[in-house]
Amino acid sequence: MSRIDGRTPQQLRPVTIERGWSKHAEGSVLVSFGDTKVLCNASVTEGVPRWRKGSGEGWVTAEYAMLPRATNTRGDRESVKGRIGGRTHEISRLIGRSLRAVIDYKALGENTIVLDCDVLQADGGTRTAAITGAYVALADAITWAQHTKKLIKPSRKPLTGTVSAVSVGIVDGTPLLDLRYEEDVRADTDMNVVCTGDGRFVEVQGTAEAEPFARDELNALLDLAAAGCTELAELQRKALDTALER
Amino acid sequence: MSRIDGRTPQQLRPVTIERGWSKHAEGSVLVSFGDTKVLCNASVTEGVPRWRKGSGEGWVTAEYAMLPRATNTRGDRESVKGRIGGRTHEISRLIGRSLRAVIDYKALGENTIVLDCDVLQADGGTRTAAITGAYVALADAITWAQHTKKLIKPSRKPLTGTVSAVSVGIVDGTPLLDLRYEEDVRADTDMNVVCTGDGRFVEVQGTAEAEPFARDELNALLDLAAAGCTELAELQRKALDTALER
Amino acid sequence: MSRIDGRTPQQLRPVTIERGWSKHAEGSVLVSFGDTKVLCNASVTEGVPRWRKGSGEGWVTAEYAMLPRATNTRGDRESVKGRIGGRTHEISRLIGRSLRAVIDYKALGENTIVLDCDVLQADGGTRTAAITGAYVALADAITWAQHTKKLIKPSRKPLTGTVSAVSVGIVDGTPLLDLRYEEDVRADTDMNVVCTGDGRFVEVQGTAEAEPFARDELNALLDLAAAGCTELAELQRKALDTALER
Amino acid sequence: MSRIDGRTPQQLRPVTIERGWSKHAEGSVLVSFGDTKVLCNASVTEGVPRWRKGSGEGWVTAEYAMLPRATNTRGDRESVKGRIGGRTHEISRLIGRSLRAVIDYKALGENTIVLDCDVLQADGGTRTAAITGAYVALADAITWAQHTKKLIKPSRKPLTGTVSAVSVGIVDGTPLLDLRYEEDVRADTDMNVVCTGDGRFVEVQGTAEAEPFARDELNALLDLAAAGCTELAELQRKALDTALER
Amino acid sequence: MSRIDGRTPQQLRPVTIERGWSKHAEGSVLVSFGDTKVLCNASVTEGVPRWRKGSGEGWVTAEYAMLPRATNTRGDRESVKGRIGGRTHEISRLIGRSLRAVIDYKALGENTIVLDCDVLQADGGTRTAAITGAYVALADAITWAQHTKKLIKPSRKPLTGTVSAVSVGIVDGTPLLDLRYEEDVRADTDMNVVCTGDGRFVEVQGTAEAEPFARDELNALLDLAAAGCTELAELQRKALDTALER
Amino acid sequence: MSRIDGRTPQQLRPVTIERGWSKHAEGSVLVSFGDTKVLCNASVTEGVPRWRKGSGEGWVTAEYAMLPRATNTRGDRESVKGRIGGRTHEISRLIGRSLRAVIDYKALGENTIVLDCDVLQADGGTRTAAITGAYVALADAITWAQHTKKLIKPSRKPLTGTVSAVSVGIVDGTPLLDLRYEEDVRADTDMNVVCTGDGRFVEVQGTAEAEPFARDELNALLDLAAAGCTELAELQRKALDTALER
């Protein structure tokens, strides 16, 4: 089977990670997985939410949103509707949990980092692109907090690892890596997998969209996702390898 | 290792499924997994949401909520706060998807079934108890729609299978089935698994609460969950085996 | 005239008051007036709302709600609609005022007790059942605060009396006690009466649903309600007579 | 006992009923009970809410609100807070029910009348002033609908009677009619009574603010209120006696 | 060209400024520009919003609203809709900015004055009438704060000037001052101008409703508005010339 | 005086207009005025809002928003707060009115075009950049509707002109064109001017931030703005001059 864009089942879309996109944010990454483009801005503030004060520990959280016309047909703004939808809530929470999995709260100290992940253009896999880009923005924000603003001692290591994410799914019986929107719509099973750079799992969310899936299908998808995450971790490493001019 | 309530790692809590709990709902089940008690009411209405009209197909959806004092400390009411929280959204969506995985929309015809899952008392595993109980309420509601109200021809089979769910997690290095609240809080990894009665997966949601988890840990959890779901499917079958007086 | 369930006009429905229903709440009562079932949970917290701080006085408040399918047809959730309806507001306020009528704020000290009254199944008289059950939950919560948690000295008497409530109405010209839903719908006049155990009035709310009512009709309804409240006070006393195992 | 403004216990404050206050509304009354001033505007529209369509019957409803500085200290706007408070809900519902008690829906035909009662200045008794003024605005709106706009045949009688309301309360042991704010604050028992012009009751809402009240106290308050309503009905009659220039 | 009410193009409607309208507010003005009537209440409170604490400077803000039936057809209440509309927001902000233009924050000290401008009846120009009336209410509130309550030393001058506002527009090619609603609807260009008493501009908001406007049209409108504001400033001065009994 | 970025007072920042930025929208422009970057997406849908149905006329509207970290410090999301702020409302309305000034509703037919203007990075002048970019996106969307989708006959001219906007202000006594954020903060007077390509005015909004401004200052600002708009109109024309590949 050949995919709509000619990729093999095991192939990621072209991934770009552009650091320093916005001049205001302490970490700012425009990540693209093919036509999916997400702007990930990290904002550092001293202090933590009230329930965490005095703990000596920091906090990392995330907010995900889509521009109204990021998709093929225009969606109503959640600000205008006056409420956040379930999907938005779910993905914001997923991104936050994923990033916190590689954070040492003690090393972060009583500082808060908010990751804003705004989808500028969507073509499937927006939440996994968001996690992958947000990690890089988070790393830049921590570097800023250590070296520019001196909020955290440079000797500390608030990041305990790296984290990236990818979607996988079964389309017409074939397990595929990194689904585009058209593939996602046709998938029987759809899974989002978040891994650390050392190959362990942070989140596994598999959903039978049509038929329930068997254990061996689940295994095939996990294999595919783990390989994809390893590749993304390498791309993150390369992106972070150069110094960021501010 | 012995668990706080003396169970083995592979053992479910005592599960009860009380049908016909409310006199008003077309399907009404009070399900308990130990001290977790969820009232699952199924409401059948003719017609479907606007976006589905004329399709000849039905719709099944769910709403989950907790009473303010279902938990150890009182939570604010979402109605008073004026907005649904992310967790509520997420679980409502999970329950709905899980039930729709065993629905033949065509056989259901243009009818809508809403499952209200209200947690009366919580002790871990409320979402999985809700799915397990909601399936039974759904089955009763469909029987009602076929035999009492004649909305659906008795010859049709709107249910294509059964569905149940259970939580699993790794506590102090040991994979455990059906976590109580105290276990859930201490778990490194927490997973909710939804299976059909024939042993396939509908949803797999695993989260690293502390340390990321390795593939073999994931496998151990999936084994445990699959066995638990099979046991629950049997309990659902038994519960549905007797006629329900209305 | 015989009533739909064979009662005389002066007769209450079978009333049950089940204490200790939930393991979490400091006071927890499942009260039923016939098919009307309300779960009344009392939550005790140290401290008072901001406007009362430093006064040395406590506070008691209540929140009433119905499960979506407590009634014959499903109602939309107020949390999903994003706002509390007028009826919910009105009844919550009524329950709070009724309970505060028998509270000595000074004796309570700077503690707050919230009564959550959630209607699990409705068949008329939900607000009066809620008040009657909430009083018992409140009494249990105060006992807990005095003896288990030592928030209040056992020598103090935060409760200055008992309180119960019942509905009355005129159906086809006959004054009836404790209306079921079908009776309530057909009533020309509908009244909710809250009394203390010594026979005085805390609230009298009478409404002409169809025809305005004359003074002698009002008098007949008040007689009926006062007698009903006396009977309910006796049932509350009996329910509280046994020790509650925690 | 002499009252702060020198009235006898049985005496109303000076009441004025100014018709035709606003040029836009079909009925517009500025009513004052002493320093309490409420603008009551009646708006007539053809058609009825969806749930009433095709019934041949009309509908009457009311909305009550206070300007932020109608009271001694400024209150936050409910529009800015984004939600209607419980008190506002409760009073709006009371006004609507009171007016509907004298409406013949069939004679009204499929027309809707909304009564907006906005308190411009408050000094106790705003809800009873609102009902008393709204009745007059309603009467003018119906006349307009019959004679100016020809929505209703002049031969029909949509009003089956008149309705007025007054507050009563026990202050320092004395039952008083038509409480000012300072009296209301000091009242042990507070009651709002709505009567028809022929002396029957539409609503009786009595609340023990401090001590529960006995049956004879209730009777004394009802006597006082009934006499007050009779007097108000006469003032309404006089106000409506002159032709209204439009 | 003659205007619908016989005015010349340069003529204001009859303007009345009634001080001390409400007994509660520290400044209370009922202003009318013809049939447009706005109640402007000024509320003084000690202290400032959190972001201004410790600055030694005060704050002035405004909230504008319309009664539902201030207009020819009834508008829904923003409190019932649960949100403030864009027009309301815009006008509230305009009034606040206009008044702050003549405030010396230092002289005001850490006190806050809120201006509530509620339109009781609308016939065009409600925002400009509101600004003109609110200035007078503000002046009275400051006098109260200086002389009655001693919040501000009488020697200070919190007001650095006076402010008034008027609408202008081009109707059928003719620039007109102070548009009534019917004129406003037909205007090609509509401008609201806020001036200080010494003839300088605080706000100029011109909008092409139909055709874009040329520079000379803009100039003609500014001339008209400046003259109108001068006249209004004189009326404000006269209104404030007499002592206000409290 | 030299400006912070070396411009003359009469000089625009570097302006870029990138068409076809998003693959989904019918018109998509990323506009930048220096470091201010706004993504303007135009969405075309058949049909019009209810109040316009059957008129044969179309509708154009706009929604403006800022990403949370478009600014130097992070702002809370309006979707999370559950309400649109006054500034957002005001600017959305301004953009919509400005674009409608060059629309022939009849020629547009019963089609609706929504312009989403999302500020990705802010450095002053976001509303004027949004209007300037949105015009180009609107033009592309109309071309699409005429040539790609055939919703509008190619012979019709829904655009009656072009529209662009720029900010001007007085900083330290000097009138400046196209203010950056640091300049805007220091400006005494701030004005936003929207012009058509033929040099007429669509909107003039001048605000005294500190001192009221005199007529000659107003004139100097209008001169500056008119020249700036002419320059922007030329840049829009050039940008639209090339064919857009889809």
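Each chain gets a letter, A, B, C, D, E and F, in the order it is written, and its residues are counted from 1.
What we mean here is this: contacts are C-beta pairs under 8 Å (C-beta built on N, C-alpha and C of every residue); 3 or more make two chains touch, one makes a residue touch a chain.
A quick note: this is a predicted structure, and the numbers were derived from the prediction, not measured.
Any chain bridging subunit A and subunit D, meaning touching each of them, is missing here; the list is empty. Put simply, the chain farthest from subunit A by mean CA position is D. In summary, the interface at A-F recurs among the listed pairs B-C, C-D or E-F; the equivalent pair, sharing over half of its contacts by residue number, is B-C. Shared numbers divided by all numbers used gives the overlap of an interface; between subunit E and subunit F this overlap exceeds half, so the copies present the same residues. Taking each chain's centre as the mean of its C-alpha atoms, the one that lies farthest from the centre of subunit B is E.
With each centre defined as the average position of its C-alpha atoms, the distance from subunit B to subunit E rounds to 59 Å. If you average the Cα atoms of subunit D and of subunit E, the two centres end up 33 Å apart. Rounded to a whole number, the gap between the C-alpha centres of subunit B and subunit F is 50 angstrom. Looking at subunit B, residues 82-84 sit in touch with two or more other chains.
Here the chains link up into one ring; start at subunit E, go to subunit F, and the full order comes out as E, F, A, B, C, D. Within the complex formed with subunit E, the subunit D residues making contact are 22-25, 28, 35, 39, 41, 43, 45, 63, 65, 67-74, 77-84, 88, 114, 116, 118, 120-122. Contacts from subunit A toward subunit B in the complex involve residues 83-87, 89-90, 92-93, 97, 101, 161, 191, 195-196, 198, 200-208, 211-215, 218, 222, 226.
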